[in-house]
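In the two assemblies presented below, chain A is common to both, partnered first by chain B and then by chain C.
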Partner chain A sequence: MWLFALPALLINICIILVPAVLTFTAAFFIWDGVGTPVWAGLANFQNMIADPVFWSALTNNFIWTVIFLTVPVCLALVMAAALLMAPKARIVVQSIIFLPRIIAVAVTGRIFQGMIFSPATGIVGWLNEHGFSISDPLADPDRSLYAVAAVDIWHWWGFLAVVFLSAMRQISVDQIEAARLDGAGFFALFRHVLLPGIRPTLTLMLILTVIWSFQVFEFIFIVTRGGPAYGSEVLATFAYRHAFFEGDVGQAAAAACVMSLFGLCATAVYLWLQITDDAQTT
Partner chain B sequence: MTMTRRQLVAAIPAAALAANLPRGARAEDGRKVVTFWFGQANSDGQAALRNDLVEAFNAAQDKYLLQMEVKGAAVNNLLKVALVAGNGPDIVQTAGPAYLTAIANAGQVLPLDDFAEKYKWKDRFLAPLLNTSVYGGKLYALPRDYESMHLFYNKELFKQNGWKLPTNRQEMEQVADAALAKGIIPFGAGNADWKGVNEWLMTVFFNNVAGPDNVRKALSGELPWTAPPFVEAVELSKAWYNKGYFGKNYFSLTIEQSFLQVVNGKAAMALSGTWSFGTKSYGMSKPDTVMDVAPTPSLGSAFTGSLVHLACGATLSIAKTSQNAEGAAAVFEFMLTRKFYEAMNRDWPGKWALPVKDLPPEMLQGIGYPLFEKTIANLHEAFSKGQYGFTTWTFWPGATNSYLIEGIEQVWLNKITPDAYLTRMQTLFSQEAREGKVPPLPPRTA
Partner chain C sequence: MIGDRWSRTFSLALIGVASFSSLLPIVLAVMNALKTTVEIGASPLALPSRLHWENFSSAWRNAQLGPSLLHSAEVASLTIFMVCVTATPCAYVLARQKGKFWRFITFYFMATITVPVQLYLYPLYFIFAKLGLVNSIPAVALIYTAMFSPFAIFLLRTYALAIPVALEEAAQVDGARPWQTFWYVILPMMRPGLLTVAIIVGLNAWNEFVIAVTFLQNDSNVTAIVRFYNLTGQYSTDWGEMLAAAVTIVLPIVVIFVLLQRQFIDGMTSGAVKS
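Right, the complex of A and B next:
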């Protein structure tokens, strides 16, 4: 059995374990990325904790997590349930809502930045010309994070809906029919049959959402680069800035360790839930 | 040379990336290959690089074959990784002395003194620019260009409104207020696609308010960044932002969109750099009937008149591990030919303005772009005389410069005070100065 696992194991060691160990090690060194690393002990972590931008980035990661655990999940669940009930519309609607997922992140980011939010070339600009006073949310440090989150939700929720729909289709048709015969409406069916029926999938997606939320980078980097005034800064953009603009790889690695810590916590919760489920089953 | 465990750990990811690069290769015709990675270049730039540099160099001699790859915006990161692994290109181009410092301090590039002696480069380059690449008495790079911030303005708009070219802060604010009253944006500016626009503006505020002598003192550690002249500079930048001098959409517009506002008469002026000449989409033309350009005026009491700012947008070095250092030096020597200077500046103005000492007027006239020729001639004279300020991207060390760019947004958007901004800048600068990360400072004359 171990022989079968060997190729995957080797790949994981090379592309995950080795970089992870090197990153963890780098967090304890002062290194500009090109010279000789110098031992720094916990200095990188101390500097990071003393930096208010780190705390605002961490807070933004938590806000991002809460947004993505609620808004796209709710949208996707309702859409999946609706599509389950309306099989004729399924193929067309699934294709439409899945489409944003296959558009490159950079393209999506630029579309929203230039064609929607821009006061010069976007819908916001058009609305302003027609008497509506709307400012570009990406230019406001208090709203920029939510604006980028909206872009990512547009890109993400359709995929989530398709995943939930696939899980719902595994639920026994008899069970759904029986609930209907007992007089269950859409929301009763949703609450008492569909949601419990997809609980393992839902749990997995929520756990993955937590992990991904602490790794979020692309959309923020492309659309706002963490600004303005650090308004949409998250841990990944914080780390990137330190590594590649400030030549402070150690500090970036320390931030990466914090990101990984939250991912590990989420993974631990997932494993614990699995073990609990297994225990209940047996 | 023995490698320490730390160096070994640092080299592992780099080695993995660069393991497959060819080293000291020879072309089919027996020429030795010289490799060169370039960063970002628009379509005009790529054509100019291909025609005026690569093909022209390869046709001009038969010993070496220049091979160039345009790597895009990530070139600085790729280069660092490849150099640590000992597999970088022969010609190492950095984004200026602030980037070169780490690479030179780490000994990843060769001292060029022997080549400089052989080709007499020290007699042929402007000393203030060449000296930005001298570390520990050794020359590690050649400056690829010089740049400066300038005041670009719509001369038609100025003429229509009876505005005169401002020569001090009071006149500048009078023009700006008059423009605002007419619904014209005083300065076309936007950083949606490049946050570095913040430092373009701050280069002007620091130098033109606090004065270049105070800036030099601060960079050499004789004056803290928290000193009153710098507080005044940051406060003025905030006052101008809050008065709407940079328009309502500074964080939403791209550089191109904001510059076009000036060309189209929606904005009166732009504080931008000499690289603006090399981007056709900015809307300037040869000859230009709408736009004009001038050095930036004094904005404080530290000096009178106008000022240009010393900047080196890129440096050229030879990798320590290069198998073909002679070939790389031959490319540098080719760049010093008059034919190359004229062709490159004609096809991609402002991007490869090699800071040569000998720049006769007829050489500039060959470029065929009067506004650019006038600007370069003026810049050349000022740099030759030592009359310049200091650009942030050339002389500020990495972390300080990054904070200068990011933190000023917090000041403008009322998240922190100018004092808090400068205190943080001073903390970062002190640390980087202790670590030897401040690029060499050329002297200046009053």
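Right, the complex of A and C next:
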């Protein structure tokens, strides 16, 4: 029987586990990826701590986490509740808001660059011609991170709403009806029935948001490459740049370890919540 | 409709605004894909004066979309095949075996879902470079198999758990070997799950960026996404042609999505919603 699990396990170990262990090891070496690695002790970590770009990247990861824990989650919760109230519109609207999620990130990034943010061909340019003076947010180191976050929110929030909606639909109709008969309005219903009803799903999505926020790479790499002037640099683009453009795999590995550490913390919090939850219910 | 008049109005307004903002960039992309560069520059919001379908033919020719779309299809189908072949038996075992060892394996697969690509990307790249596997489409499909199979395993596991053990026991009494039981009893019952897995894995492989852009560097074997990424930049000028290429790459996915919405939505939200 156990042979059945072997192919999947073997591929996974070779592609993920072994290189992951090597990354952890490489963090303690000076290595360009090709030559012989040289033992460096904690030098990679010391260099990283001394690098202001690392700190701004880490800060950006925290900002990203805060944005994604709030904006898309609130939008999605309210939208899911609204769709629950409107069963006729549900199927069509659900598909519409889900659509951005299935479009390739590279394509979405370019569409937003050209059609929204570009001062020449985008909405920003159009607004400029019509009396609103807005500069290209992607060219501004102070705003580029938020501009990219807006793209990712567009890509992500509808999916999240669909997830919350399917969780809300598992709440018994009786419970919702009972609350309504008691005279609960939209917000009372939301606060006292819907929100507690989807708590397990909500907790899981919040934890995953934290994990993913420290891994965020694609949108930033595609839209700004971490620029301008490292304004939107995050740990993942920091690591990628060091590994492939600066030939410093050891430094990249050290940054990857830091990224994973945050994911690990979030996972630990989740497991802890699960355990305390179980303890409460039994 | 549930709720009073105010919450109803509020809901409908919200639904309207949300649908509009989800569709706006897509509509802009399709509309401007049919305009000349001069027209786009004049106003991105204006309707095309005439439908410039030639953007599509010139995008197809200049971007060499044909071969790269073929590579995307190759990577996607190879990945679907490998994920289905390896994940299905694994999901079956994880659904049936109890005990510490198997709980650990389950936990391991769960952990690899949340591990960042960055944690294994760099050594993997330099190992593959040494082995001569960079620029190889099957090698990329192999990486995708490792990345996407944990999801497939957990989805298929729920299907396997729903199959009554009595069926297998009956097969065993009739003298079926484990692989025969798997092939003739279990596999047919997992078919709906396999369809969902194929769709989601295919979608992920078609759209994937980081691995593709890192491991495929020759213009002769890049996927459509990488081709599109390499051709376009922040300071692209020929937006009409570029958007035509974008629409061409996204269209197959959207068509499949419209046809098989339920599998898409159920598959992608599975795991997040616990029943």
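One rule holds in what follows: the second predicted complex is superposed on the first by the 269 of 282 C-alpha atoms of A that agree within 3 Å, B and C clash if a C-alpha of one lies under 4 Å from a C-alpha of the other, contacts with A are read in each partner's own complex, and residues count from 1 in each chain.
Operating definition for what follows: contacts are C-beta pairs under 8 Å (C-beta built on N, C-alpha and C of every residue); 3 or more make two chains touch, one makes a residue touch a chain.
Worth saying up front: this structure is predicted, and the values here are computed from it rather than measured.
Enquirer: Could you classify chain B and chain C on chain A, in the superposed arrangement, as clash or fit?
Expert: Once chain A is superposed (C-alpha atoms), there is a clash between chain B and chain C.
Enquirer: By the touch definition at the top of the document, which applies to A:Pro19: first (chain B), second (chain C), both, or neither?
Expert: The answer is both, since A:Pro19 touches chain B and chain C.
Enquirer: With both structures superposed, pick whichever of chain B and chain C touches the larger number of chain A residues.
Expert: C
Enquirer: Just chain B (first), just chain C (second), both, or neither: which does A:Gly35 touch?
Expert: Only chain B is touched by A:Gly35; chain C is not.
Enquirer: Touch check for A:Gly247: first (chain B), second (chain C), both, or neither?
Expert: After superposing on A, A:Gly247 lies in contact with chain B but is clear of chain C.
Enquirer: Just chain B (first), just chain C (second), both, or neither: which does A:Pro196 touch?
Expert: The answer is neither, since A:Pro196 touches no partner chain.
Enquirer: Check the residue A:Phe217 against both partner chains and state whether it touches chain B (first), chain C (second), both, or neither.
Expert: The second partner, chain C, only.
Enquirer: Is A:Pro119 touching anything from chain B or chain C once the two structures are fitted on A? First, second, both or neither.
Expert: In the superposition, A:Pro119 contacts chain B only.
Enquirer: Which of the two partners, first being chain B and second being chain C, lies in contact with A:Pro7: first, second, both, or neither?
Expert: The answer is second: A:Pro7 touches chain C but not chain B.
Enquirer: Return first, second, both or neither, reflecting whether A:Leu138 touches chain B, chain C, both chains, or no partner chain.
Expert: both
Enquirer: Classify the contacts of A:Leu99 with the two partner chains as first (chain B alone), second (chain C alone), both, or neither.
Expert: In the superposed model, A:Leu99 contacts chain C only, not chain B.
Enquirer: Going by the clash criterion at the top, which of the stretches 76-84, 382-390 or 400-408 from chain B hits chain C after superposition?
Expert: 76-84
Enquirer: Going by the contact definition given at the top, which residues of chain A touch chain B in one complex and chain C in the other?
Expert: Common interface on chain A, chain B vs chain C: 18-19, 22, 33-34, 113, 120-121, 138, 244.
Enquirer: Under the stated contact criterion, what part of chain B meets chain A in this complex?
Expert: The touching residues are 4, 6-7, 9-10, 12-13, 76-77, 80-81, 83-84, 102-103, 105-106, 108, 192, 195, 248-253, 257, 398-399, 402, 406, 409-410, 412-413, 415, 437.
Enquirer: Using the touch rule from the top, collect the residues of chain A that touch chain C in their complex.
Expert: 1-2, 4-5, 7-9, 11-12, 14-20, 22-23, 26, 33-34, 75, 78-79, 81-89, 93-108, 110-116, 120-123, 125-126, 129, 138, 154, 158-159, 161-163, 166-167, 170, 176, 180, 185-186, 189, 200-201, 204-205, 208, 211, 214-215, 217-218, 221-224, 235-236, 239-240, 243-244, 249, 252-253, 255-257, 259-260, 263, 267
Enquirer: Given the complex with chain A, which residues does chain C contribute to the contact?
Expert: By the definition above, chain C touches chain A via 1-4, 6-8, 10-12, 14-15, 18-19, 21-23, 25-26, 28-29, 32, 40-41, 43-45, 82, 85-87, 89-90, 92-94, 96-97, 105, 108-109, 111-112, 114-127, 129, 142-143, 145-147, 149-150, 153, 178, 182, 203, 206-207, 209-210, 214, 225-226, 228-229, 232, 234, 236, 239, 242-243, 246, 249-250, 253-254, 257-258, 261, 264-265, 268-269, 272-275.
Enquirer: Which stretch or stretches of chain A touch chain B in the complex?
Expert: 18-19, 22, 25, 29, 31-38, 113, 117-121, 135-136, 138-139, 141, 225-230, 241, 244-248
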